[in-house]
Amino acid sequence: MKKVINDPADVVTESLRGFAAAHADRVRVQYEPDVVVRADAPVAGKVAIISGGGSGHEPLHAGFVGPGMLDAAVPGAVFTSPTPDAVQAAVTATTSDAGALLIVKNYTGDVLNFETAAELAAAEGLDVRSVVIDDDVAVADSTFTAGRRGVGGTVLLEKLTGAAAARGDSLDAVEALARKVIGQVRSIGVALTAPTVPHVGEPSFSLADDEIEFGIGIHGEPGRERIKIEPANALVERMLNAVVEDLPFAEGDRVLLFTNSMGGTPPVELYLAHGIAERLLADRGIAVERRLVGPYITSLEMQGISLTLLKLDDELTELWDAPVDTAALRWRA
Amino acid sequence: MSCTANGVAAALRAAAKVVAEHRAELVELDRAIGDGDHGENLNRGFAAIVASLDAAVPDTPGAVLKLAATTLISKVGGAAGPLYGTAFLRASTAVGNASELDAAAVVAGLRAALEGVQARGKAVEGDKTMVDALLPAVAAAEKGTDVASVLQAAAEAAARGAESTVDLVARKGRASYLGERSAGHLDPGARSTSLLLGAFAEAAR
Amino acid sequence: MKKVINDPADVVTESLRGFAAAHADRVRVQYEPDVVVRADAPVAGKVAIISGGGSGHEPLHAGFVGPGMLDAAVPGAVFTSPTPDAVQAAVTATTSDAGALLIVKNYTGDVLNFETAAELAAAEGLDVRSVVIDDDVAVADSTFTAGRRGVGGTVLLEKLTGAAAARGDSLDAVEALARKVIGQVRSIGVALTAPTVPHVGEPSFSLADDEIEFGIGIHGEPGRERIKIEPANALVERMLNAVVEDLPFAEGDRVLLFTNSMGGTPPVELYLAHGIAERLLADRGIAVERRLVGPYITSLEMQGISLTLLKLDDELTELWDAPVDTAALRWRA
Amino acid sequence: MSCTANGVAAALRAAAKVVAEHRAELVELDRAIGDGDHGENLNRGFAAIVASLDAAVPDTPGAVLKLAATTLISKVGGAAGPLYGTAFLRASTAVGNASELDAAAVVAGLRAALEGVQARGKAVEGDKTMVDALLPAVAAAEKGTDVASVLQAAAEAAARGAESTVDLVARKGRASYLGERSAGHLDPGARSTSLLLGAFAEAAR
């Protein structure tokens, strides 16, 4: 393993120190438990939007803390969901009478730890709700699995609920919006290489030179299916079909297309894939009205991409366009 | 060993040692069908328990178990943190504030632990989780006559239970994403449950 | 080689199609020769700022096209400087009476091709100047080499000259500013892994598991020295020393610190390195007043980082803070 | 071959074939001490020359050389594009608009090419560049008696010149960043110059 790190056990905290120094104008970092908070938190009268999860998916979540998006991010150890006391610290630092919404990606660990935190907060008399995002179509959604994973849709959900909270929506309204978004966002990912978790020191899985993992998650869990590498045209079509046919998205739909790098895939490939996805959606009569392209929810240095489609309407489009001012996502601010 | 506060503390220290020794193995097992952090996470949690015990050992077995529970909850994270945390918390409640535990109390603690894990994680037998080690362990423990034989029986059953997970297809936790591909691998959580009970049994001898 | 591409020969053009679709609000893409131009170009009365070079360093340069930064970017084939006719097309599309400044990274190919283009433009009666940036301290600056390479400083130079042009500075003033910036910016890079050029299909160099290239460029050229991997604290100190002692930067100086990922190094490591660099500069009594952290000048999927220091004064700080609105860099816009 | 417009076009086609055949080798050489694009870039340029010639062969040898020059300049990029482009452009100017080139004209063209490369790139002998192949080639060419022997002598000298770059430390171009580490490798541009002259000589036989 070659990484720019010192002791693997200190990676997250040391990284947060650099993040705090780089973005002191936007965030404040608390340590032990580690929490990244909006510099001006708590914002009186505003619903707090809080998310978190294992580290290693940056810029998710810390890079999205700031006006128009998250009030706090709770980074766990690499690929390990944070503990309830850390979530609790984020709630305490950001939550006013307006309450808070916890955005939880659907992983057993995240759900259990955030659930516990929500119980603790309720015991303190705060109105804290949580929603679980599970947009990954690669996983069979059945009572016989842990359910679908939360992946790319999380980024969009954080932006949209952040915008709703910023314009003064109530917790009821923000929660309802979150459930609506979760209902109409779908994703799929693919990995060309494996990430290496610092304390493990070796790649999470191994792939032959001509193999890729189709339906990969964001934690180095092996994907659902191992397939041969294929040209981008075929690969993107395979990915898009999985997403489009799941909801399903249909001719005439207006969508946001989010083409995400898993970290190690460079922009030249990412934009190439994005271009193909745009063309294929146009062929299906689905109108791409908004797009996001970049490494926004990653898996350390893993090479791969994910595609996320969100069905848009006027309300979601307006919330998407609303100002956002964070380390990683910024417009009209 | 007598099952006093100090005895439970000693058992937890023994468990911490075993977890540290098997850290890499648990990482490896989790890497195959999960995300490779199980050994690291448990090791962080048990090291923190030892640090707390070094500072001060609480008065009763129940209080020691509660310290373990809160430490695991606040240090481990992931799925195993709240699950093991809940297990120790429920065990702590079950044994009350007796100053020494007898065989029946240990069995009650184990049963409460199992119920806690199942309440939180909703896993049933055969889902390829730590439940597959803990459930037979509780059943076997009921046949023990003293603390040592209770824990010995539990440990042996947990080891067999853990082994049984190899053939299973995961239906809970991260390994479930793999579907059929999860078969053929030992479940890391079942393995760690077996290791912990083994360490407790050893300490009780 | 595993990449999300079709035919390696088409990578750049196909990628530009995706870029054009993703950023139609900001840019216009012309093909054959390939040029990325501000959507509203030419901007009357404003000096045009144009840069370009081989592709594979994204977001440099196309990601920096937009108000407050570049008027046009000229992407060559991967790691290959563009041809004069492409540069010429960029000049034609963006240059008003106010003239244009070409920002050229110091590589033989770039210098020769841009020089030729400038001659062609002069022949058409346009006032086109060029500056050559050579901020890489890894290369001995001597008449017996091709001279220092242009690396991380390029990003800062494009932002600062873009801001000067945006506020209406004359070509003389913008050119003078560019020379000033070039005089006080220095960089160093390190690679942990090699990039793979699509048409080559194999990594540009090979490194043992415990080796890194110190003083790497951005084209997969081997670095100046091969050293053993070391902890981040030691590595960042080694890098920073090389940069600080070159200019030299001294106690009391005000600086912009730019911590750059070469592409494959994930944010968690990058911010960790940034935090160390901040601490070491503070120890030296050098005041970090502005910072940029991210993958802004990359070498495909290469893992590694670079550090760039720019000496600040009030003028440069004001230009740095000025609004910028591009795909990859955006604030106050 | 007579050195008419068609003859020069045939030589360029022959060169294009050789470049295509040696594309991977040139990439490999450039990968060792540069950025691995030399073969790809030249191949793209010469393929474009062939495409232009397929459409129409200009009237004079000089015009054919000029077509090659502008195509290389607009298609190759990198260092080699402007350098080879300038070489062909200067050669074109040197041979004027004669309808057939004699030995002296070919020598003049080669000399002009060398001067063009040196004027643009500022490299001298021993800098480990294409100059190390082209410079001895021009010197040798001057001893030839007819077009075929001029080119044959140039090709042989270029091959030896290219080989001589192996031991050199680069002082120009991308390889110069490597310093001492550039020694022990054949310079890709010197090798391509030798290949081009070899193809011309072969075509002239």
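Per-chain residue numbering starts at 1, and chain names A, B, C and D are given in the order in which the chains are listed.
We adopt the following convention: contacts are C-beta pairs under 8 Å (C-beta built on N, C-alpha and C of every residue); 3 or more make two chains touch, one makes a residue touch a chain.
Note that the structure is predicted; figures quoted are calculated from it, not measured.
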| item | value |
| --- | --- |
| Geometric centre distance via CA averages, chain C-chain A, whole Å | 29 |
| Whole-Å gap between the CA centroids of chain B and chain D | 74 |
| Mean-CA-position distance for chain D and chain A (Å) | 54 |
| Whole-Å separation of chain centres (CA-atom averages), chain A against chain B | 32 |
| Of all residues in chain C, the ones touching two or more other chains | 78 |
| Multi-partner residues of chain B (each touching 2 or more other chains) | none |
| Chain-level touch network, classified as line, ring, star, complete or other | line |
| Pairs of chains in contact (touch as defined earlier), listed by label | A-B, A-C, C-D |
| Chain C partner contacts - residues on chain A that touch it in the complex | 2-6, 11-12, 14-22, 55-56, 58-59, 63, 78, 192-193, 209-210, 212, 229, 231-233, 235-236, 259, 263-276, 278, 288, 291, 293, 295, 298, 300-301, 303, 305, 330-331, 333 |
| Chain C contact footprint on chain D (complex, rising order) | 27, 31, 33-37, 40-41, 44, 73-83, 120-121, 171-174, 176-179, 181 |
| Chain B-touching residues of chain A, taken from the complex the two chains share | 9, 33, 54, 76-85, 107-109, 112-113, 115-116, 138-140, 144-146, 149, 197, 199-200, 202, 204-205, 217, 219-222, 224 |
